[in-house]
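Which chain is which? They are A, B, C and D, in the order written, and residues in each are numbered from 1.
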Amino acid sequence: MSAPLLSVRGLRTVFPTRRGPLAAADGVDFDIAEGEALGVVGESGSGKSVTFLSVLGLVRPPGKVERGEILFGGRDLRHLSPNELRALRGRMVALAMQDALSALNPALTIGTQIVETLRAHAIPGDPRAEAVRLLTRVGIPDAARRLGDYPHQFSGGMRQRAMIAISLAARPRLLVADEPTTALDVTIRAQVLDLLDELRAEQGLAVAMITHDLAVVAERCPRVMVMYAGQVVETGPTAEVIAQPRHPYTRGLMDSLPRLEDPDRPLHAIPGQVPDLATVDAGCRYRNRCALAVAACAEPVALAPAGDARLSRCIRAAEVSP
Amino acid sequence: MSFSRVLERLVQLPIVLLGVSVIVFGMMALTPGDPVEIMLADQRATEEQAASLRRDLGLDRPIAERFVVFLGNAATGDFGISFFHRRPVFEVIAERLPATIELTLVALLVAVLVAVPLGVAAAVKRDSWLDRALSAISLFGVSLPGFWFGILLILLFAVHLGWFPVGGRIPFGAEVPRLTGFLLIDTLAAGRPDAFLRALSHLALPAITLGLPTAALLARVIRSAMAEVLATDYVLFAEAKGLSRRRVLFLHALKNALIPAVTVLAIETGSLLGGNMIVETVFGWPGLGRLVVESIFARNYPLVQAAVLLYAVTYVLLNFCADLLYAALNPKVRL
Amino acid sequence: MKTTRRKALLGALAAPSLALLPRASLAQGAAREVRVGFTQDALTLDPANHRNRETETIIRNMHDGLLTRDAQMRIQPEIAEAITAVDPKTYDVRIRQGIRFHSGDPLTAEDIAFNIQRLVKPNAMGGQTSPRKSLLGPVEDASVRDARTVRLHMAEPWALLRAMLPFQEMVNPRQVQRVGQDGMQTRPDGCGPYKLVDWRRGEAIIMERFAEYYGGSPEIPVAGPAQVDRVIFRVLPENSSRVAALLAGEVDIINDLPPSAMRQVEASRNAQVMKVNGTRTFFVSLNLAKKPFDDVRVRRALNHALDKNVIISRVLANTATPLRGVMSPDAFGFNPDLPEYAHNLDRAKALLAEAGVAQGTEMVIDTTGATREIAEAIAALLSRTGLRVRAQVWEGAVLSPMWQNAERRKDRDMYLTSWGNGALDPSDIMVPTLKTGGRGNSAGFSNAEVDRLLDAAETEVDQEKRREGYLRAQQIVSEQAPWIFLWLPQDIYGVSRRIAGWQPQADSRINLHRVRIAG
Amino acid sequence: MSASVAEPPPLSPTALALRRLAGNRTAVAASLVVLLFVLLAVFAPWIAPHDPADADLFRRLCAPAWAAENTEPGYWLGCDALGRDILSRLIHGARVSLSVAALVVCIAAVIGTLAGLAAGYLRGWTDTIVSRLVDTLLGFPYLVFAIGLMAMMGPGLHNIVLALVLKEWVFTCRVVRGETLAAREQDYVEAARALGCTPRHIMLREILPNVLSPVLVVATFRMAYVIIMEASLSFLGLGVQPPMPSWGSMVADGRDFLVDAWWVSTLPGICILALVLSINLASQGMRDAFDPRLHQSS
């Protein structure tokens, strides 16, 4: 396999709070290959968004990236000057957000918001024509006329498509999609996900699909990464992880989801709450809710191999029942 | 802002004007002291002379009749004769109005030039020393009594340092033919840059005194609006698109942050126009504000009534503009 | 800041402002120009359509009158060469020849008759009666006797004619036709030494030299057209601005120089202080109709109690002349040997005790904002007798009508006020303020003997007999002491050393007919 | 599973707000300064070193103690144009400013609250009348309104209070009407109406308690404005009658002596600034504590 497009090692992003520094992402390691679609799953507050914001260098002060290596195309983004990082954003790594209505500037037309991206990265060709092409490509009818419209004049689905068009305007190589379809109703959701797959295949685009919806990951992402309390707890090929979870938390996640093929199966919620990240200790952070918890879990647990192309942060990974 | 709201505003104007004219007429009528007495104060006018003057000015008729006559004339734009200048009130006001408008506009300019950069800087560097400094300055701005601050500026910058003239609108050797009554325009129209600078130096201290409280209020509004906008998704998205910091700040963020600021500015213009008599008195500024105060003391009823109606109209219209501007700037609100 | 350093600073203050504005003084040098920092703008430029001293001061430089007054207040001929009495009710005025209006029209006897009629006839001024009608007393008409003579007709003999004519200025009747009554407000056409260039309301009135000026009154030296090219009356109502403008060389003459700023002007190198006895008598009117002021001992006690010299020296910085009576020392018929109420606190307390006025009795001095500081100073000084005296501030528009009406002033105590005497003749001040029922008689003073003397003097032609009557009347008034006699403020002007040929005048006129650039 | 720790008794919203206010150091400091002024005003006669009305022309414009010459022993802040002790007049001046401000703001708050409640709850013609009156008064420039009234009634403390109250009630009324309109739709009002409570009861017992905190916040902000307005009126000569000193008139009196005796005008100005600044700081603290979302009224 060629060198990964994005490789993150030991990423630690901290937010100072009155109760002490809170590590929203603590020791996160993962890779994304060229053109790959990686699913990133976890409850809200598990650090999925913060991780990728750290990659983009968009962590809002007073939060900051304390430690870690972010290699993109071989270069460590943390050593780049602000200008170099800025030139890279949108050109190399792009962001797509959950609700296009809040992601698009209400006071500017869609056309302006596309053209400015093209201009920012000096994309050759007539920006307006390119804008029309992009909008048409994402399936917006009569794109030329719609350039002058404002975001609130688009329907939910159309707006989401427009945003994706804007994100991909500068032909990035990695798209960070932060809950791209959560705000959409089901019918539109499938269309947008299909669009993403088409664009991925067409442009060799890598996608990091951040979602709390396991179904989306199962369907669209060959590989998945599960995060809990700021740490990566399990990664591996999606089918295998679903069939054979190697971490109690992933197991818990599976149990709390209805199954199409077994509709009347009882659902089990995971007891207890996520620990307070400001006061958490070095041991496994899931142990206060884990059925398999033992004394040894209090010791720091590394993300260790657990089978072919599979990693797990649990010393009893093998004993997790399917 | 739906059409019915526009209609409601337009209906509101005559009611407010009627209300204001009733109040000001009542106030003037009930005020003791007889303008004719003041005009003939210590001269040797005979009683008969005073009576004929009272007849000329129509003061001998009962209040109710005078009010009806006043309303009738006001509707047609005739506001009667100014007792002291013995000239149509409209003419006297028209002469003094440009001075007040020019001072108010320059004061607003001062306010905006101070408030926007300060507000944005404080929002960008939240809770920094700059942010705390801004909130301290803006509190000072709102707490300063205008008349005292004006006197202090005169004492410091005009009397002791001599950097600025003490009062008045234009120094000598800088007279220019009156075109619009706005000195900054007339001096330029007359091709006199030196006169323009001298007029500007005369405007400086009064405009700062008048503009500071507005700057304080505006800076605070911009700071909180800007802080709100900077935390939004679309600013994050704009940065994620790789736009330059300047473009993100001044186009994406500021454009949305200015919406509340513009409405505050429109309303402030109304209160500035109506409230600068103190600054005009302290700086000897020949504006409408000072004229109104003098007219109240001299019981020059027609002039006071006309001026107050003028203020009321401007105030209501400016509030109306504030709504229009809010709608125009904010595409989400369909006009 | 130590005073010595303060003086250095002041000297320094004058220097930089001068240095900062070299262009201004240079510009002045080029065009011979005189600027007046004036307290108020003119209300109108039509000499017949106002009752305002400041307006007349400005108008007087563009319009001459039949007679005028020189710096020593002596009445001098101007447009009229001579005025002779044909009989006690008729006077003939011989008109000087060769006088031209600014528009070039020659001045004729018909013009003078028109002016007199415009002033005295009812509704003769554009459908309204001129507010200056009563300043010409019983004069009721004027007719043309020949090309050089106008005859004035009066309803009854009037000794004040010559003293009051300087208050009226002549306009060009053809201008009245051309621009109409409204136009006269802003487009004057007089025959004075300067003609109007521009009137910027509330800011300044700019006049320029009238080359064909007939020269004005020959008795006022160096007759001839004006010796400067431009004169500007600059409106600076704010004391501090006026003073700073003078020190900065922006203006050459300022009126109403506040006493507190005199030291500052004297300390400066480029300006000096000029003072002249005013014509406005200040007094505290006592309400004779109310206890305890009906008792003459109380009134005399109050006069003794007030140490007016400390007010004159400390508050007015020696810019007023103490008075024992009502008349100004410069006026006709002034009585120099009236009894003096010297400051004597014990005498005052004794008189008060004798009159049965209890300690701590409350008394109020009514005043307006303008004279508030003086009123509070007087109240403080009078309180030293054990009375509790305080000042109460009213608006002028409320106060003067109240004190002119016996009914409305019945429960008031004292009233700090003043009365002007522009004609410097007892008839002009004693009749309104001390004759029974006079318009200015706020004290409600009524003395049969004084009334008889004043009435006699009104129609007496022999000046010596008039003087005798007035001396006796002043004697009675001083003994009855209806007022606390105060002082006669001096008009204080700040004058730049740059100009010469001008002096302040008691009637507060600033006539720039003879002014020139010094050196 | 972890037992929940015994929660302290639930605090009433006001108590909670007060605790938040106490946490805000600047607001507390400002409130102390305001308290100091109040004490000065209340105990003025005993604190002031001299009788504020005692004039002696020989002490005219004597310099403050720190000046090198022309000083007068015992008159630390110097004397005014009539030789009266400036320090004593400043202390008594506090009495005028605070009493006017307190009176105006309280009366205006009561009137404004009642009018706002009526307009907000009863709607219909009461609302139109009140709203039109509010619009009209807002359309009237504040200073001209006050000067006109003062000219009508003549200078004096009670006249100033009346003149300012006639305009000030508008600000409380506007806020209360807004809050009442919102409260009217709440369920607890709906419930009260369902229980057959009389409108008067609903307004005074149900809605009023919820409206008090914004009224309090508006009142404190308006207090700062009223103090400046009273000083401005005194500056124009329409203030309280002598010998009662008002900071505004003291500034006006000192205007002609700016060059020689700058302190006569400057010191009262500093007092006005200090009092108004601390009131603003305290009210900002109060607003953040009581009602963070309330936009600071005009």
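As a convention for this text, a contact is a pair of C-beta atoms (placed from the backbone, for glycine too) under 8 Å apart; a residue touches a chain by one contact, two chains touch by 3 or more.
Per UniProt, the chains are A = Methionine ABC transporter ATP-binding protein; B, D = Peptide ABC transporter permease; C = Peptide ABC transporter substrate-binding protein.
Predicted model, so just to flag it, every value in this text is computed and none were measured.
Listed here as common contacts of chain A and chain D: B. Once CA atoms are averaged chain by chain and compared with the all-protein CA average, the nearest chain turns out to be B. Counted by C-beta pairs in contact, the busier of B-D and C-D is B-D. When chain centres are defined as mean Cα coordinates, A lies farthest from chain B.
Chain A and chain C have Cα centroids lying 90 Å from one another.
Chain centres here are Cα averages; for chain B and chain D they lie 24 Å apart. Centres computed as Cα averages put chain C at a distance of 45 Å from chain D.
With centres taken as mean Cα positions, chain C sits 38 Å from chain B.
Under the contact definition stated at the top, the residues of chain B that touch 2 or more other chains are 31-33, 154, 159, 297, 299. The set of chain A residues touching two or more other chains is empty. In chain C, the residues that touch at least two other chains are 240, 395, 397-398.
Taken in their complex, chain B has these residues touching chain C: 31-35, 37-46, 49, 52-53, 56, 84-87, 92, 95-96, 99, 154, 158-163, 165-173, 175, 177-178, 194, 282-284, 286, 291, 297-299. On the chain B side of its complex with chain D, the touching residues are 12, 15-17, 19-20, 23-24, 27-28, 30-33, 139-140, 142-149, 151-152, 154-155, 159, 220, 267, 271, 273-275, 277-278, 281, 292-293, 296-297, 299, 304, 307-308, 311-312, 315-316. Those residues of chain C whose C-beta lies close enough to touch chain B in the complex are 9, 13, 16-17, 20-21, 23-24, 27-28, 33, 35, 41, 43-44, 49-51, 122, 128-129, 131, 133-135, 182, 185, 198, 200-204, 206, 232, 234-238, 240-241, 244-245, 248, 250, 395-398, 400-401, 404, 418-420, 428, 432, 439-440. Residues 56, 58, 60-61, 82, 86-91, 94-95, 97, 99, 102-108, 116-117, 120-121, 150, 152, 163, 166-167, 169-170 of chain A touch chain B in their complex. Taken in their complex, chain C has these residues touching chain D: 1-3, 6, 10, 239-240, 258, 260-261, 263-264, 310-311, 314-315, 369, 372-373, 375-377, 379-381, 390-395, 397-398.
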